[in-house]
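Following this line, the structures themselves.
In what comes next, subunit A is part of two complexes: it sits with subunit B in the first one and with subunit C in the second one.
On to the complex of A and B.
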């Protein structure tokens, strides 16, 4: 099949898409790199000059920098914990044969179809609002002081909203994994004297490990860049309490009109994301090789 | 100990009556084979005994104890599945040790039992491997190992050899028979392959549409099939069924004669036939013939009997081995 002829032809046919992809990736990266070394503020757009590492130093010494990295970490890990544990639980539940199974599954999966800003707005104004939100109503029903979620627990509120959005994804992947568990293995374990809990520990969890790895890898990629939910709910505040790295870049570049600083932040974010990716692949990627 | 008694056992799935009613007595130490075509309810019957399905009616007794409602693990039975059902993420050692671990046995005792089982089954060199690194026959032995460490009162085999190639199937057949001779434990074995049934069983249970057609030793079933179904199912190639004038002359609606009980000649005989296909197996030759006045018949000839497509051959039945059946398909006693 792979004669010299077909190889050359194949390369030729693939070239346009490869080139487009490369340009799409390399040009923005190169521009970001370029701007990160420039003094470029939109308030004084005429005054552009080479800045050396000043932008990086500026971003790094920003007191919000380490807090935003910490917030990013808490956000990612919090959402991962909720979605993996909750997703497994829900997948176990909807794997049971019940009446109206199809509709239940569609309902469970539907949050994934709601756009992030819309979902965040609904949570903000209809569920977590201290005046007329559902949570406030529940608190009032029990005679308690309603919680002002975004003022008192800003990062936790964002975590809940994002987790709600990603729960269906985890559920879906884990459900398909559950369904691929060989029924004869379950029966064999049953005959071997394993009760429900033992079957879950020794059979289901090892079987799910690969799916959990996929969930963690994919979600981490998206969760590192969470932005819309923060913008429409807390706007990063109060103070920097719910600002993650992405949002700090937005603050620097768009609210501070500092293109150079924002670009430097972007490059730092890329480097950090790659470090996280390497660790992830080392830690959980092994699971995929089996 | 491992005597199992089924009394009026019934099973329905929704509207479908899979097993109308079955009574069966299995004695301690017997090798019992459930055999039947697909859909005959043989696997369902095994799963009912294992406790993996609930009975709709009737009772199951093991060693005098009613276990009709008991959980699978409480019945003291071990099962070997068709797909082997090994735990893929555990090593062979952990697979075999799993039932003992679940029974909360001490680690030292578990180790000893696993090593003993591995020695019996020639698995000692593979104990640290994963199931995916083993061949089909080795996986089969691991599944058997997982069953024997529990020292069950009976082994249940659900078509255990159907995923193996023909040569390995022959070897494993011997190994399982050998294991039965060593352990002397009751074994119940489900298969659709009548050769496995004939070669391994002390007692064969022939099932058809959830009903027991006949229970008996392999030779009993071969020599005195109770009805047309058993006559057609046991024996390879199938028995020739002859209806019409010849059967009536013998006082039966259907007369059956096995291919090996026909004498072949090129000069003269009772029936005259034309060879349509000749299968040469070396030691034997199976001739598929068009016989005048009867139709299709199969006959076994010696390997040296030269016959080719289109040849004319004469057949003479051994009338002492003739099986006679009435119009309901039941055997007529001589």
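On to the complex of A and C.
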């Protein structure tokens, strides 16, 4: 029924968002690519010159670079492990017949709506503070020495905060998937004598695998860009102990005024994100065909 | 045949679930409680019973002009959401009702723009903003938030519009409805719930966006994310006041969020999980 007329109209209707997104994608990225080959410091904006691969080399030979890549990996994988395992457990728990399921759900998903700076500051000051935090109060209650979380375990502390923020997301998605599991199937399995563990392994896990894939991929996209949580808690330190790639680029670009170096780091970040993106697009794309 | 559940088991599961839920919710609850304490109480060790003073809320406003970043958050999140909807509704509409061979590719490409790491384009954006005098301006930041959320808005609207049955349009047309009447009386009522859900989720995302809002503002256009982040140093606000500012910053969005659980799943998984 699509006549030539409606086709033209459809193209016109799509034009604004396509053009806007095209400009948004191409212009800044092209600029980043260009800057990455330039010697350009915002403090000396008159001395701009071609740098070849110097910026990449500089980034690549900086010991902070490898540490930040490692930290990024630990941060992403740590948060993923906690949220996927914890999320599955909590989703299974909430899916049981319980009183007040609606309220339990609301309580569990709430951290997701807390803006990152607030989440990080609540944890930093009220929960993990070595002098006045709740963890310190608990340690003192048991007669133990309170832990100075952000000084002793900076990256782990950031992981805890970020995991708290994303646990609700994983739980909510997995719960939604669980509730779409056909109850007749469950009953049939029960009638056939499958116990809880067998039902979990042969029925629940295969059913959840798709949702878990989606959770992992989407969270990875967001986790690669963790910034505000680090900024307000450890500021990347001590040293580079809790600096991820995003934060290192921010440091180079905004605090070091090094446009070229920051741009080279940006291109590396784009490449990394793209590797993840390819997998995500496949998973989402499959669903479109249905 | 419904599953038989013994009351004992139900009580056991209930207790377990409530313990877990309260533990997860605890930091938010504790911030709320601390906001009702005096500064002395706030650092006096663990206590769940505040003296119940509202002084902190007043002080945050009088000393720090809390209302300004709050209004900035409202303006930025509403403005960017409405702008994104205006741009996205026609294209989502076209893709849902007049799909071509390339529709899927366009959708996937739009999604891919969401995956570009923000920090990779931080400098170009910063330099562009500086050149055009957009740093620390609400206009600049509204545009920025529109851009980063546009792919999600298009996707969400598309998944909703796709569920509107096309036959209903044909039926209306057979009955002699003009295109205008078709849009006003048939399509709009069916599209409104989807648009409302998209609006809701996008306001939440824009409200909580904490990279560009911190990078591109200083004081004038700073929304709550940047305002709160500026208190990361211990000299900033004391804890009871910080808790009051935090509680006010998250309360509106927390309540909106509770109403949008289902849409959240759908919007953030790009329709992959419903």
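Just so it is clear, the second predicted complex is superposed on the first by the 275 of 290 C-alpha atoms of A that agree within 3 Å, B and C clash if a C-alpha of one lies under 4 Å from a C-alpha of the other, contacts with A are read in each partner's own complex, and residues count from 1 in each chain.
Here is the rule we use: contacts are C-beta pairs under 8 Å (C-beta built on N, C-alpha and C of every residue); 3 or more make two chains touch, one makes a residue touch a chain.
From a predicted model like this one, the values you see are computed outputs, not experimental measurements.
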Query raised in the report: Looking at the overlay, what does A:112 touch: subunit B (first), subunit C (second), both, or neither?
Result: second
Query raised in the report: Where does A:187 make contact in the superposed view: on subunit B (first), on subunit C (second), on both, or on neither?
Result: both
**Report entry** Touching partner for A:207 - first (subunit B), second (subunit C), both, neither
**Finding:** first
Query raised in the report: In the superposed arrangement, does A:198 touch subunit B (first), subunit C (second), both or neither?
Result: first
**Report entry** Between subunit B and subunit C, more extensive residue contact with subunit A
**Finding:** C
Requested in this report: Please identify the positions on subunit A that touch both subunit B and subunit C, taking each partner from its own complex.
Outcome: 187, 190
Query raised in the report: Given the complex with subunit C, which residues does subunit A contribute to the contact?
Result: 1-2, 6-7, 9-11, 13-18, 20-21, 24-25, 27-29, 31-32, 35, 90, 93-94, 96-101, 103-127, 131-132, 134, 137-138, 164, 167-169, 172-173, 176-177, 180, 183, 187, 190, 210-211, 214, 218, 221, 224-225, 227-228, 231-233, 235, 245-246, 249-250, 253-254, 259, 262-263, 266-267, 269-270, 272-274, 276-277, 280-281, 283-285, 287-288
Report task. Provide the residue numbers of subunit B that touch subunit A in the complex, in ascending order. Result -> 50-52, 71-73, 77-79, 81-83, 85-90, 98-99, 102-103, 146, 150
Query - Complex interface listing, subunit C residues touching subunit A - result: 1, 3, 5, 9-11, 13-14, 16-18, 20-22, 24-25, 27-28, 30-31, 34, 42-43, 45-46, 87-88, 90-91, 93-95, 97-98, 100, 104, 106-128, 147, 150-151, 154, 170, 204, 207-208, 210-211, 214-215, 224-225, 228-229, 231-232, 239, 242-243, 246, 249-250, 253-254, 256-258, 261-262, 264-265, 268-274
Query - subunit A residues within the subunit B interface of the complex - result: 182, 184-185, 187-194, 198, 202-203, 206-207, 209
